[in-house]
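I am attaching a structure below and will ask some questions about it afterwards.
The letters A, B, C, D and E name the chains in turn, as written, and every chain counts its residues from 1.
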Amino acid sequence: MVDLMIKNSDETKVKSPKQAVSKLKNTIEKKTVFGTKNFNLWYGSHHALKDIQLDIKENDVTAIIGPSGCGKSTYIKALNRMVELVPIVKTSGEINYRGRNIFESSYEVEELRTKVGMVFQKPNPFPKSIYDNIAYGPRIHGIKNKKILDEIVEKSLRGAAIWDEVKDRLNQNAYGLSGGQQQRICIARCLAIEPDVILMDEPTSALDPISTLKVEELVQELKDNYSIIIVTHNMQQAARISDKTAFFLNGEVVEFDYTDKIFSTPRDGRTEDYISGRFG
Amino acid sequence: MVDLMIKNSDETKVKSPKQAVSKLKNTIEKKTVFGTKNFNLWYGSHHALKDIQLDIKENDVTAIIGPSGCGKSTYIKALNRMVELVPIVKTSGEINYRGRNIFESSYEVEELRTKVGMVFQKPNPFPKSIYDNIAYGPRIHGIKNKKILDEIVEKSLRGAAIWDEVKDRLNQNAYGLSGGQQQRICIARCLAIEPDVILMDEPTSALDPISTLKVEELVQELKDNYSIIIVTHNMQQAARISDKTAFFLNGEVVEFDYTDKIFSTPRDGRTEDYISGRFG
Amino acid sequence: GSETETEDAATTGSNAAETTDSGDAQLTGSVSGDGSSTVAPITEGLVEEYGAVQPDVKVSVGVSGTGGGFEKFIAGETDFSNASRPIKDEEKAELEKAGIDYTEFQVAFDGLTVVINPENDWATELTVDQLKQLWVEDGTTKKWSDIDPSWPDEEIVFYSPGTDSGTYDYFDEVILEGADLVKAATLSEDDNVLVQGVSADKNAIGFFGYAYYLENEDKLTAVSVDGVKPTNESIESGEYTPLSRPLFVYAKNSALKENEAFYDFMKFTLEHAGEMAEAVGYVKLPDEKYTEGLTALEGLK
Amino acid sequence: MKYIDDTVVMKRMKSRLQINKFWKAIFFIATSLALFALVILLVRILSQGTGYLNWDFFSNFGSRFAEKAGIKAALIGSIYLMLVIAPVSMILGVGTAIYLEEYAKKNKFTDFIQMNISNLAGVPSIVFGLLGLTIFARMLFLGKSILAAGLTMSLLILPVIIVAAQEAIRAVPKEQREASYGMGATKWQTITRVVLPAAIPGILTGSILALSRAVGETAPLVVLGIPVILQFLPDSLLSEFTTLPLQIYDWAKRPQEEFQYVAAAGIIVLMALLVIMNSIAIFIRNKFQKRY
Amino acid sequence: MASQGLEKEQSVQQLIAQSRNKKGKKIVEKLMPLILIITALISVLTTIGIVFTLIFETFEFFQRVSITDYLFGTEWLPFSGSEPLYGVLPLVLGTLKVSVIAACVAVPLGIAAAIYLSEYASDKTRRIVKPILEVLAGVPTIVYGFFALTFVTPLLQQLIPSLKIFNALSPGIVVGIMILPMIASLSEDAMSSVPNSIREGALALGATKLEVSLKVVLPAALSGIVSSVVLAVSRAIGETMIVSLAGGATPTFEFNVTGSIQTMTAYIVQVSSGDAGYGTTIYYSIYAVGFTLFIFTLLMNLLAQYISKRFREEY
């Protein structure tokens, strides 16, 4: 896979010296967060992910695009083993998180998930106060000290760029907020346990344009500290915010490369068809 | 409104003589099916449609585009008064169907809806056999003769380009079909009462690419006999299949014009932003 | 009832010193009984009055019917059982099997009263034979004229207590001598319904406890049996036969011994049953019967 | 060729609309009829019983005199009974529901439990009475105590509570659970901190309705032999006691006419208790109506 | 990871790591499913308990009375001094009469009310009427019993002079009133769970509400409606106090509904609150009747489940 990556980037038409340097740096220096090897996944007899090979690098924003039903959500949910909540799921192959196969039987899912946070398609705050929403993660992991919790809540809400909007009503129910605010609360909730990676499954698809913009900006800010993997059906969004893009089709990775490469000169005809809106 | 139309088409850059002729013909000859005058709609206190002015012509495919929540579905549902199923809805202004205001108190909705068929976003066949699905409409209108019903069913299924796929299993439950097939069954069901206008609310958004293509082709065929109004969030789709496009934003009609005009040289900056994917 | 016994043993211990014979001393403890719905009103009155004398003794009485009461008595769940008929042989055997010794006390008379509609002026006096003729099932549809040709040629409407009541049993035994009761009869466990039925229909006849008749004297006519009308006097004196039946309380001997409160309550019962019976519409026994009972009770202490 | 003749369609339209109106009226009348039955029932009871409703009625024990008869023992007994039934049935019911909804795999055994629960829901209450008599009163030596009756009634309403709790738990969106798991929460943490708090209104509503059924039940208590004549209040779970429906049943069977009115007064109290419980349920349902 | 904000320069992940691996959490995680499965088994134990309680005494009963006499006998005369007869059919017939009458009252009214509430009534009406109906379902059955005996029967006697004080008609109607809310409420649930999209599909074709209700919603909700009816009827079969009070105590094998009857449940009440001695055949007979009743309701319930599984609509 690493070979392939280098080959890919060789093929890329380098547009500017700066870009070239940054890409080279990426390939050489950036550590792999998630290494996916020959990964297959079945829902019962339905083969939803086929032989996935994909290396996701530290501090990148990686976008996953593809038409409905191609397996985007399935893949991202495999990364924190959320997909196992569906009882009929079977997998083969490996997904290595920081070098260790997460499907190893000794790997505790709870441990993995404290490292790999997730933001969902529909904002899903708990029907609790804003404060309790953010404090939920730290609390379940045994942090009870009120002062520390207060700090974590503030820091996370600031991190999710929503502190100013809610600081005066931390005790109100999170469902009183607008959809966009709710989604940022969910991001803040995720930040509260300071994960290493953040998975986002179409985080803006239920939001209005302005909220979408805010979340997109937030993603750009977060990438300094987190590795982010984002599923989106909005190609412009992928183009705007991601460093790399993977195009999924029918459970396969058709193409995975730098985002500008994918959107300017895709290697695969199907990628081109999809990007130009011929289907999906 | 008619003035506006002419003005609009004057501004359009005419691309070929043939097109020019057709447009001219349109403007002069085509009758108005739905004339919307100063139409407002509120959900409780939420002003969802604001002062809509829109004239929809006979045998056109009119696309309605716009970001989520802008009022597309609300508008299309106002055209057959489906929107009244929401009890808190209030309206003002007029929508004239073939010259008569559908909100007149003496206008029976049942009568209107026999004339104005509708296809929904999610396929919604009845949990009955395919045959009974199609025959439902004619039956409620009192057609009991088995031979006539048979003919109507066949003709409608052919019209919806699904006859060959289902002719051998007309007695099976419609829910056994794929999503795309179900959607064409719903179109056939709508054709069976021979409506004058067909409203379609994102008819392909729940479908796979191939089914989408089939439905799109079908729309093109149907326009010879029906006036079609189609809501879509897929701009390429609007560009591919419609004659005219209305762009909605926040409950207002920002721009309404020939589709090629909208997609090539929109008058309004917001239209351009939307089309180029800057939001939505 | 094992835990009741231990609990009671403790209370007996603490009170044993001062309680000699009368109920002056304050007792605690609990007493439980069950059984006949016929006897229940008397017991209820007694429990109510006893509460004033011994407020800390908890007496509870269920109304499961004579048979239901015995069932619980046999299971050892109750200290005493009210009955509107003498104990049956099966029940005796079961009690023996369960190792429960008991004593039978009579507490009052109930005069089973045969009633007719006030408009009925022909059947106010009946003999036991006529009663049997009326009530026995013989496969025919009965008319008044079948009994006496001078009576109307109209169908008789029968009302009887439910087949599972002591009242029915007693009537069946003494009048029908074990033969089946007429099938056309309307049976009800609720005596009020019988009152209602007879008072609404000119051709109706029914029977039930004396108390129900007393309450509804204005709506019903009581039939003289073999020339005797049911009254307090005729029942007490034994003149009203064979339809006056004794009502019983069966007490568990071991409980009388071990449970001071129960002993005291039984004593109170025998001392006051007569007046209470009259108060709720039954008939008291001749005084010597109660004295006999008290003597027997004394011996069981 | 056109199959649908516009003029025919329009002609038929009138009669179709008329038929619609006619049936709407029929459906409305049917609904009203049910409500009307309730009104008659209430009016009758109120007109008979209000005369006997006074403070003495609440503060007196039973009596052989109608004027002195009160429901103290029965009312307190019914309330005590509820205090046993509520926790027992809710712990068992909610526990079962959590097991079935959150833990149980979809297999034959789970199906069997589920089927068993629906069957139990249909078992006549009197059969539960026989069960309670044999198991609780006799085998476990609980006699005619509050505990024995409470356990019997708990089993009687258990299926209802299980089903209500299952529905409430199922109604918690799976996104809520996913959010919790996504933060590394364990299953039990997710259940106690996310699922149950969200499901509590539904569980309570269902439980209160089930409890109100238990309060009105008579038949199992008759079989258990719960006493009607007593002049004391229960002081422990093993005390004997009586309940409202039994007391009412006993009064209604008395020869004296006045006791019919006393019974009606008892019914008013019982119905008031039920209406209060139902109102609490409705209040909870409306107050905590799902917000997601 | 960024952790500047926190005191002691500790990151949240470090704090988490510290409190990880506490034994308690793991034990709870393992223990709870076990505790919960025990609670789930209580319901199974209850059934087993019921079956065993009934079976032992029923067995004793059949030592004394032959099964064929019991199952096919048309005379139920347990109290007859001369020759007691234990043919259960009159009790079954009494039960059926009441249940059928109850169903005749409750099914049409209940479904009509369900249609009204689900398809015609406004949200507000529904929110008010449904709880009121639930009150009706919650009225204690003894209250209904006296209602039947002292109100409905006299009323009916004005219309049908030949009606006896005890009859099948009046308790049948009142049991019908009692189960009506159950049918209305459960059917309404079934109908409102038919997705609105399907309703809209029909309305958009110009169908009237009636046509939508009867030809689309009703068939789609049929399994739910039918199983609500079956459940309600099974409730009617098991109903005790109403029939004890207003049905009478005369088991007859006749098909009229104006005369006194006895149901299986009423017989059990009669004996368990009556005079029959412990250990007598009569005493054992209530368990046999209870068992019969149990089988009846079991069959009804299985039928309801079968219907709702077999005919569940997919949409």
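Keep in mind that, in the parts below, a residue touches a chain if its C-beta (ideal position, glycine included) is under 8 Å from a C-beta of that chain, and two chains touch if they have at least 3 such contacts.
Model, not experiment: these values are computed from the prediction.
Shared contact partners of subunit C and subunit D, listed by label: E. Ranked by distance of CA centroids from subunit A, the top chain is C. Taking the CA centroid of subunit B as reference, the farthest chain centroid is that of C. Judged by contacting C-beta pairs, the busier of the interfaces A-E and B-E is B-E.
Here the CA centre of subunit A is 48 Å from the CA centre of subunit D.
Centroids built from CA atoms put subunit D at 50 Å from subunit B. A separation of 84 Å divides the Cα centre of subunit B from that of subunit C. Chain centres here are Cα averages; for subunit D and subunit E they lie 13 Å apart.
Residue positions of subunit C with contacts to 2 or more other chains are 37, 63-64, 68, 75, 189-190.
Of all residues in subunit B, those that touch two or more other chains are 110-111, 114, 140-141, 193. Residues of subunit D in contact with two or more other chains: 16-17, 186, 222, 252.
By the touch criterion given at the top, residues 37, 63-68, 70-71, 74-75, 84-85, 88, 90-91, 93-94, 162-166, 168-169, 172, 176, 178-180, 183, 185-190, 193, 196-197 of subunit C touch subunit E in their complex. The residues of subunit D lying in touch with subunit B in their complex are 2-4, 8-10, 12-13, 16-17.
Against subunit D, in their complex, subunit A makes its touches with residues 80, 82, 85, 87, 109-114, 117-118, 120, 122, 124-128, 136-137, 140-141, 173, 175, 186, 189-190, 193. By the touch criterion stated above, subunit E contacts subunit C in their complex at residues 77-82, 149, 164-166, 244-245, 248-250, 260, 270-280, 282-283. If you check the complex, the residues on subunit D that touch subunit E are 16-17, 19-20, 23-24, 26-28, 30-31, 33-35, 37-38, 40-41, 44-45, 91-92, 95-96, 98-100, 103-104, 112-113, 115-131, 134-135, 155, 158-159, 162, 186-188, 191, 209, 212-213, 215-219, 222-223, 245, 248-249, 252, 263, 267, 270-271, 274-275, 278, 281-282, 286.
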